[in-house]
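Before we start, here is the structure in question, set down as structure tokens.
A, B, C and D label the chains in the order they appear, each numbered from 1.
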Amino acid sequence: MQEAMIKRAKELLADGSVDRVIGWKRGEFAYDMTPAVFTSAEELDSEFIFDDFTSANVSKYLVKETAKEGKILAFLKPCDTYSFNQLIKEHRIDRDKVYVIGIPGGPKLDIEKIKAKGITGILSVKNEDYTLKIETLYGEETMPFSEAILDKCASCKSKKHVVYDELIGEDGDVLDSNRFDMVEKLENMTAQERFDFWRDQLSKCIRCNACRNVCPACTCENCVFDNPKSGIDNKAPADSFEENMFHIIRAFHVAGRCTDCGECSRVCPQHIPLHLLNRKFIKDINELYGEYQAGADTTSRAPLNTYTKDDCEPSIVHERGVE
Amino acid sequence: MLKISKSKLNELFDAVSAKQTLYIPADREAGAAEYRKYEKGMELTSELNTVRSAKDFFFPQTENLADFKIEGKTIEVKDVREECEDFVVFGVRACDARSFTILDKVFLCEPVDSFYKNRRDHGTVVTMACTRPSETCFCQTFGIDPTVPEGDAACFDDGENIFFKANNEKGQKFIDSVASLLEEGDTSKLDEVQAKTKAIMEKLPLAKLSTENFGGDKLNEYFSSDKWAELSQACLGCGTCTFVCPTCQCYDIKDFNTGHGIKRFRCWDSCMYSDFTKMAHGNPRLTQLERFRQRFMHKLVYFPANNDGEFGCVGCGRCLSKCPISMNIVKVMKALEVK
Amino acid sequence: MQVNENFEPVIVAFCCNWCSYAGADLSGTNRLNYPSNVKIIRVPCSCRVNPMFILRAFQKGADGVIICGCHPGDCHYTSGNYFTRRRITLLYSMLDFLGIERNRTRLEWVSAAEGAKFAATMEQFTADVKALGPNRRLEDLRCRKQ
Amino acid sequence: MQRIGVFVCHCGTNIAATVDVKAVAEALGHEPGVVISQDYQYMCSESGQELVKNAIREQKLTGVVICSCSPRMHENTFRKAAASAGLNPYLVEIANIREQCSWIHKEVANATDKAIILGKAAVAKVHLNTPLNSMESPVVKRALVIGGGIAGIQTALDIAEAGFDVDIVEKQPTIGGKMAQIDKTFPTLDCAACILTPKMVEASQNERITIHSFSEVEDVKGFVGNFTVKIRKKARFVDETKCTGCGLCTEKCPMKKVPNEFNLGLDNRSAIYIPFAQAVPKVATIDPNYCMMMKTGKCGVCSKVCSVGAIDYKQQDTIIEQQYGAIVVATGFNPINLDKYDEFAYNQCPDVVTSLELERLMNAAGPNGGTLLRPSDKSHPHTIVFVQCVGSRCDDEKGKPYCSKICCMYTAKHAMLIREKYPDTEVYVFYIDVRTPGKNFDEFYRRAVEQYNVHYIKGMVGKVTPKSDGKIDVQASDLLANEQLHIDADMVVLAAAIEPDKTARPLATMLTTQMDTNDFFTEAHPKLRPVESATAGIFLSGACQGPKDIPETVAQGSAAAAKAIGLLCKNSITCNPCVAHSDELMCNGCSSCEKVCPYGAITYIDKEFRMPDRTTKVRRVASVNPAVCQGCGACTVACPSGAMDLNGFSNSQIMAEVDAICK
């Protein structure tokens, strides 16, 4: 796959179809790839990488990249194409300046899951028939591939590219995922249990803003949390209330816009399952206002920017589930 | 050397925590440890290090500085400083222990930060030597020997026993306070463990990383390097690296209106943020490139220039594993280095 | 649940200018008593109520927040309350998801003619919040009254 | 530094009986920024207002808080008073301590505490008030009426009568609309043409009215008082200014087999045609789909016979751009398409017709010259069955959920006319309900039953089957007698539901007006503002807003005209300054705000920004038209970045009130 991608990228660069390529660059270790822009065949040959660890969603970078001159080639996984479409819909990306090549999605690996098994001093990770052979300073370790999959990939919603100019590899289908299972589990808890669960999780928040800054839906020129004029700006969770507020408001601001790409939870240094907040909104929207997948198209109206006259009343919240 | 059998370690913890607050690194979940206030039965983590650094003990993320009480049209200023109670932080790694030296240079120079000093005076740091360094470790780059950590007192693990050594008076006081639980032990196995660790250190992927070409004298070359654009390209401008960093010491001071008064507090800030040091005229560093450059220039050039060659990094590797886009000081040093 | 007889909750009511605020005025004109815990903030339309305002109220010491607007279909601005209905449904659902007591938040449609409904709604809501006791799950400790 | 004045009203004893007004004034006097805090018997009285005005002048106040009755009562009074003392009226806030305090609480301590809190909230808010100035926006003294049916004609005539220029845009070659196709009108049975055509002529002769026939609205920009509209005048290949309407070309045209739209395809017309004798403008139009000259380049007969040389085969569409102060939508209705109603054999049997087709069949200018004959064999029908509610009051997707309103009455009219003219004909009407509210309507219906012996049968027609002998079998149920019926009919007439003109949907988008799920235009208020759309300056006339009969349509046409005239009379409109505005530096241009704006007040502009690194960047940002915005605030919450805020009810103002109440 990586070879095919590099080959195609070089062709498009050579014939002048694109000026730049966005993809992933190899790092120091087996797993620390950085999203990067390539401008030459040499760079592509020496540094471009696509493997089980290239999980970062590069679509948000296109906001910045399409503001520049020239055309850029973007390699997008199925989940990334949803983010891309949503950004097109919100006029944040200039579609004409991007050449999209759809590439197969994951499942991608989560190095933290490997490390959580106590495996350290990792020198290389090889996938041999869905068993990971991990070479470490302390000898070789193995673990099943399935146990090291990123959470966001484990509940993949779609293998289908919703937008592309060409594909490398086959296109897939929208999947019948189990992504709402955990939300449902929480819904079935008592309010006290839910409160305890979230307090335990959100109290870990260090307000590093990684979730916000990686989020393709969070492309505000100036976030309300950075803007002293907003009245709710803050830099640190100085009180448990502020931990709650930041995450509630952030989830609300991306409600109906979040494509469920899962990047927020992937990048959280404290492993807070932030995607559950977004998924709760998605589940509610699906149940109350009809199935809606943000980013699936560029024309439909976002559920919070529309209504029907017979929408349910907010009291439905009080009537269903467990108190 | 005085030692305690690892099976009896909790007795020692119980004894310490009976007298003062004790913090130990414990598992929050598989693969993620954090410092926690010791409670009976709490296990020491098997992780190499905590996700958040130990700097919180002396420089917490938020800290109240003063209260203002508004009564009609008058404002009363309330001093909220209180003498801190004694506490012990156990199990600090060599890298984090060194970070206190760096923070001391910032906070204890004139004018002394009394909030920091208060905590520092009352805290005893008991370090723990490393035996299983990770691939992300590069403390040796900064002259740190993880097998012989600094701190008020140091501990060494030979697999069965924990050995204790005082590095200063405060450390000795700590050891004395638990002396009844300790016994003299044979360190031959410990020497073996240390040798083994040292051998692993040689083989670490980042073992060859050197600060030789960094420091205050290379300011212009590094500042105007054309590498910054490429390095900062993918930076999200989040504060993860800063907040997990044991040496980052920038903070902001803000006022919070509680409804019945104002709380003036400080909180960590990140030079990666677009509103960092924002002033009336705007932000002195306008682009992410400048902000990104600032962070690494500070650690690799400005800080050593102002602090007798001491770098603003201890090689703990936290930013290497936590940066959402895997950009970090190692990649910067390698890309930037002018020989 | 233990009810603290002395507990007087702080209740913020956001009322749209055209229906509910007028409805509140009407309950005054008709001298219909409701608890003084309720303090009304006038907004042009219920769709002006930003979730930030609701959270802010809880942060600063409110124990309950209620939003009142025109009945669906009667919005002075034709569609405002339809947007309110979706937004607030989702917000309340999220608060519930985080384990915040359901009875601390409410939305009611009160027309300019429904003075009696306004008073009865406020009476009931105040009683519900009183039964819950002080807001602890969504409070800012710094703002707690000493 | 703020200098705020607080004025606490006793309202006689209305407030003072339960609120300790002195204590309120005292407490609020200690609030930050408050420099004077007074109480007075009646603050709204002349002398009370004088007190406020003097304080504004003497204390150089920057803000005023009045603790009194509801702002709905006296906000304007105090704003005017402030303005007269030189303070911007929007620097006044009212704390409602009467309706929302003294009148509902009985204990003085309680009520006083609450009054103080409400006062503090108002003080906190007024700290953040900014002077607001109402914008004046000029009004173009010209109206546009879209649609030239009876609704549009009536509206245009009334507006012209009031002395304003008005343009009618009609997509057909002639004005007149559906009413021109109708034979007689209920309940008076006068001839539709006799009452409509004089109005059409009046419209064409009125010098203030310009008729753009065979034209469509292409684009609408602007806002109330100042719309810019592009009108596409479709090429009719005949020079309107030269054509005299003599009709010679239509006689000589060799292509005569074109289905005649005006007679609903029941007969044919020529390729060059004038829809009907009384058409306005009476100008020929060439149908390029049938014209031999246009299709093959061989013919040119019309050009040869035209004595004034009006024929122009090369004519192109032209675009007219015009400015208007007001726009009236009168796009009317159509009967629904009955293709899906196989059970009524509409497509299978020519003798199954719609009511509108029946109108043409009975009309003297219709295909049969006014004699009712079966379309199939031109024989005289002896048994006619009328089927009501075809597609109306229907739950399935084929039909419409609503009642089409006019069918009961026109069917009674048809039945009566047939029985009157052809007494040997049996007429059956199958109905669900007969709905006859309206002046003289029920009397009319009863005449049909009692005087003309029309057989009204409550029941549904299940199936209509053409038979080989030319008869039509109508299978139906009689619900009252509870029996199945078979009627051997000669003709079946279907009362097809009516629906708003489908082509109006893009127009609604252009006008930023709303349509309901059935594509009827939505009025600003169903009871109190029935002829206005929610968008200022756009008015609704006739059946585009909902099913209507002729008298109602005319009444609404005149009502819409009155509203438009009311607007056009003004030289400028004063806009409410409490409108939304976008901070362009923060705006992302994501379009969320635009999507929730009920007025179309938000547009996007590409704006150049100087970037921090001294480069420039063009970004799409929202821009609110203050003349169109009504200040609901929907956009402020839709905006994730907080760029959108509302004057008079800003985020910071509302949060200040929240803080004051909660502390």
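Simple rule for what comes next: a contact is a pair of C-beta atoms (placed from the backbone, for glycine too) under 8 Å apart; a residue touches a chain by one contact, two chains touch by 3 or more.
Computed from a prediction, not measured in an experiment: that's the story for all the values here.
More inter-chain C-beta contacts link the pair A-B than the other of A-B and B-C.
Separating the centre of chain A from that of chain B, both taken as means of CA atoms, is a distance of 30 Å.
Between chain B and chain C the centroid-to-centroid distance comes to 46 Å (mean Cα coordinates, whole Å). Chain C and chain D have centres, each the mean of its CA atoms, that are 35 Å apart. Computed from the mean C-alpha positions, the centre of chain B lies at a distance of 68 Å from the centre of chain D.
Residue positions 224, 230-231, 238, 304-305, 309 of chain A each touch two or more of the other chains.
For chain C, residues touching at least two other chains, in rising order: 51-52, 56, 60-61, 73, 79, 83, 87, 140, 142-143. In chain D, the residues touching two or more other chains are 596, 638, 651, 655, 659, 662-663. Chain-to-chain contact here is organised exhaustively, every possible pair of chains being in touch. Those residues of chain D whose C-beta lies close enough to touch chain A in the complex are 517, 585-592, 595-596, 604, 617, 619-620, 638, 640-643, 651-652, 655. In the complex of the two chains, the chain C residues touching chain D come out as 10, 12, 17, 21-22, 24-29, 31-34, 36, 39-45, 47-53, 56-57, 60-62, 73, 75-80, 83, 87, 119, 143. Contact residues of chain D toward chain B in the complex are 30-32, 611-613, 659, 662-663.
Of all residues in chain A, only 67, 90-92, 219-224, 227, 229-231, 253-254, 257, 301-302, 304-306, 309 touch chain D in the complex they form. Listed in rising order, the residues of chain C touching chain B in the complex are 60-61, 140, 142-143, 145-146.
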